[in-house]
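Here the chain labels run A, B, C and D in written order, and each chain numbers its own residues starting at 1.
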Amino acid sequence: MPWDRNGMAARAAKELRDGYYVNLGIGIPTLVANNIPDGMTVTLQSENGMLGIGPFPYEDEIDADLINAGKQTISELPQSAYFGSEQSFAMIRGGHIDLTVLGAMEVAENGDIANWMIPGKMIKGMGGAMDLVAGVKRVIVVMEHNSKDGGPKFVAECTLPLTGKNVVDMIVTDLAVFRRPDHRAPFELVELAPGVTPEDIRVRTTARYV
Amino acid sequence: MANKHYRDAAAALEGVLFNGMTICAGGFGLCGIPERLIDAIREAGTTGLTIASNNAGIDGEGLGKLLRTRQVAKMISSYVGENKEFERQYLSGELEVEFCPQGTLAERCRAGGAGIPGFYTKTGVGTLVAEGKEVKTFDGEDYILERGIRADLSIIKGWKADESGNLIFRKTARNFNQPMATAGLICVAEVEEVVPVGSLNPDHIHLPGIYVKRMIVGSPYDKKIEFRMTRAREAA
Amino acid sequence: MANKHYRDAAAALEGVLFNGMTICAGGFGLCGIPERLIDAIREAGTTGLTIASNNAGIDGEGLGKLLRTRQVAKMISSYVGENKEFERQYLSGELEVEFCPQGTLAERCRAGGAGIPGFYTKTGVGTLVAEGKEVKTFDGEDYILERGIRADLSIIKGWKADESGNLIFRKTARNFNQPMATAGLICVAEVEEVVPVGSLNPDHIHLPGIYVKRMIVGSPYDKKIEFRMTRAREAA
Amino acid sequence: MPWDRNGMAARAAKELRDGYYVNLGIGIPTLVANNIPDGMTVTLQSENGMLGIGPFPYEDEIDADLINAGKQTISELPQSAYFGSEQSFAMIRGGHIDLTVLGAMEVAENGDIANWMIPGKMIKGMGGAMDLVAGVKRVIVVMEHNSKDGGPKFVAECTLPLTGKNVVDMIVTDLAVFRRPDHRAPFELVELAPGVTPEDIRVRTTARYV
């Protein structure tokens, strides 16, 4: 039985450590916030200029000056801090964020990631994704193992324009977890969703892994 | 004594606008955008603008207003979703767009304002963003050269300023307003309130007055929210 | 929950010091220097240090303490006057000194902390500072390439911090503490007071807690003044 | 009769304009602060991280956390603002300061300045001088026309290691004022101290000027 969206987020959340500063992408990665173990201090960064993202606000707390990078209203925490975009990305690009969890359209066996552009379709832009994959200490991708048409997403080589080259450290799909110890090593299949076999993964993946 | 406090946005922009100029605009989405100054530029009808701004507004809001009137020739942005008119002009070739990673955009504007014509970054290495850019290896890793951005004008939105132009922002409305303010030859700020000098703690100033050449009070603001999210209160 | 608040300077530096390491130290002259941490490094006896700091203290004060014990192999500084022991070691060749313009030093440390391995600046073009550095022309003007500085450790002095490490400085004691804090793989801060989270306004934080890995309260401080200047009150 | 130290500072102060942001070097340049015309707003910047330098403090106001770039105790003004060194020099190097007034050991006819190092003597460092001459919009040098041994200081070519190349816009000495409209033009003798003749300047200067 494959993991559902929350299951994938919960698996990614196992990589959190006490004291971590973390940036979560839009979509499934956002759900990681709901899976932070009790008693663990994890501080969420929002690239529009905030450390310490709180939950969505109560109706009477809504503040147009307080949004996350997805432009959703949020709330602040006692330990929150605000700063400008130049400082926010100095933090991201300088390697001060411990972990980022992002979605992807493709990840290649060499750690390349594509998640910002489909040629021929309207280009919306990369936002902060290129900065995050280039700068954050550890990059975890959470994505469906296969696209809606069944095609592989963990591939030998990305076919879409890259967001970053050789930057992904770990992949959590609905079927399995792949990891590599450093950017020279190949990905290793380290975990399977309940009921999923190594063979299931083999036939649905074009990337080489060990 | 030098007076920076102008009557309204039109007055604050007088003598500053010209066709084909480059503008750095603060804001993230619709949060912390210089609404009054955008309106005044629309009224002035200045055309052929190159605008560096993280986003391009949405239809009929923010910089979307200047797109609708076709005053913009080129955008330098990291993300331009949520904007049908933008999409139409872009796909028809009327509007030029330079996509720039968000952190690179913030750093390029800070650099421009700090006298740095170029810097190296890992962001975008090996991607479309690196095309045509110098690659240099430092300590065994590749980096690309990005250029500082200097603009003819910066338009920003702050929360409060004192009469000398010292300015503070509020929460995440700070965002790009800080680096954008430094990149322009002239920076015009709109704020919610101007207070007498001495009202702000000198340790709390986010943008020292040296950067703010002209300012206006733009209140009252009807701040728009793109995605209104809430949670329910637990029953008592 | 992660605890950043250590008992004293020795505890906060435990496991962090090693011979031959590079340290970025905040402060300008004797203003805003991490006194307790300097004392603890002296006690630890770590040698062969490379220290990036705007100044090198004065005899027996600030980094002058580590010069006296000959723990410093190299200083990267912009100004080293007012220090006889420094002068002796420097002239005898015991101490290596890299002179770096003050703004270049601040920017190099900010750059190192921001993932920028190099940037171009006009400062020092055509001077001794440019020797051996790449020169590049942008828009007809020459600039030199300066390298970002990353250190094994940053030591800084703040005014107040909350338990999560969010930190604020006081007046001109901020100076180099801000850029230096970002350049170290680990930043250890000493402050005059640690307050509970929620005590500081999130809009007033000068150094977000992400940079501060460990901290101590160093009070009471006996702040030294290099040049005590006053004016007389006019007679009533 | 040559100008005295205050006379030189007063002459430099005539270059101030309402609304200017100015950085003053140590020594004679500091005296410019006493010559700001009444009713004119001039904000002084201190490169250690302050805009709006106030006068020396009263005895009971002394604060070790409040010093200028010369490490002297100072006071704050209602319009003061503090910032870090990286921001302070971003301001200086980004061309946001309107004017700096500095001392010098030598200025050359091509605008080179030397004011930080005498070979063979103990080197104390350039501090912020190289940043100021490279970044500030207008650079005024205030110096004695001749050194103590009578040698020229406004020279054909600097003999001392440079602080900046082709950066000086105006020179105020105890005898005369030289100015140039841009960095391609030669210096022009535009003013003489009372009782000083053009011939006095000619024999005491090795730089070419018009």
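Please note the rule applied: a residue touches a chain if its C-beta (ideal position, glycine included) is under 8 Å from a C-beta of that chain, and two chains touch if they have at least 3 such contacts.
Fair warning: this is a prediction, and the values are worked out from it, not measured in the lab.
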B-D or C-D: which has the larger count of contacting C-beta pairs?
C-D
Distance from chain C to chain B - Cα centre to Cα centre, in angstrom
32
CA centroid of chain B to CA centroid of chain D, Å
35
Calculate how many whole Å lie between the centre of chain C and the centre of chain D, each centre taken as the average of the chain's C-alpha atoms.
27
Could you give the separation in Å between the centres of chain A and chain D, each centre being the mean of its C-alpha atoms?
53
For chain D, residue numbers touching 2 or more other chains are 76, 82-83, 87, 89-90, 93, 134-135
Check each residue of chain B and list the ones that touch at least two other chains.
107, 110, 114-116, 121-122, 169-171, 174, 202-203, 206
Specify the contact topology among the chains shown, as one of line, ring, star, complete or other.
other
Throw together a list of every chain pair that touches.
A-B, A-C, B-C, B-D, C-D
In the complex, chain C touches chain D at residues 28-32, 54, 77-81, 87, 90-91, 97, 99, 101-104, 106-107, 109-110, 121-129, 159, 169-179, 206, 223-233
In the complex, chain D touches chain B at residues 18-19, 21, 39-41, 43, 45, 51-52, 76-83, 87, 89-91, 93-97, 134-135
Touching residues on chain C, where the partner in the complex is chain B
107, 111, 114-122, 136, 138-139, 141, 143, 147, 168-171, 174, 202-204, 206
Note which residues of chain C are touching chain A in the complex, please.
1-2, 110, 112-116, 162-164, 166, 182, 196-198, 202-203, 205, 208-211
Footprint of chain C on chain D - complex, ascending:
46-50, 55-59, 62-68, 70-74, 76, 82-90, 92-93, 112, 117, 122-131, 134-135, 161-166
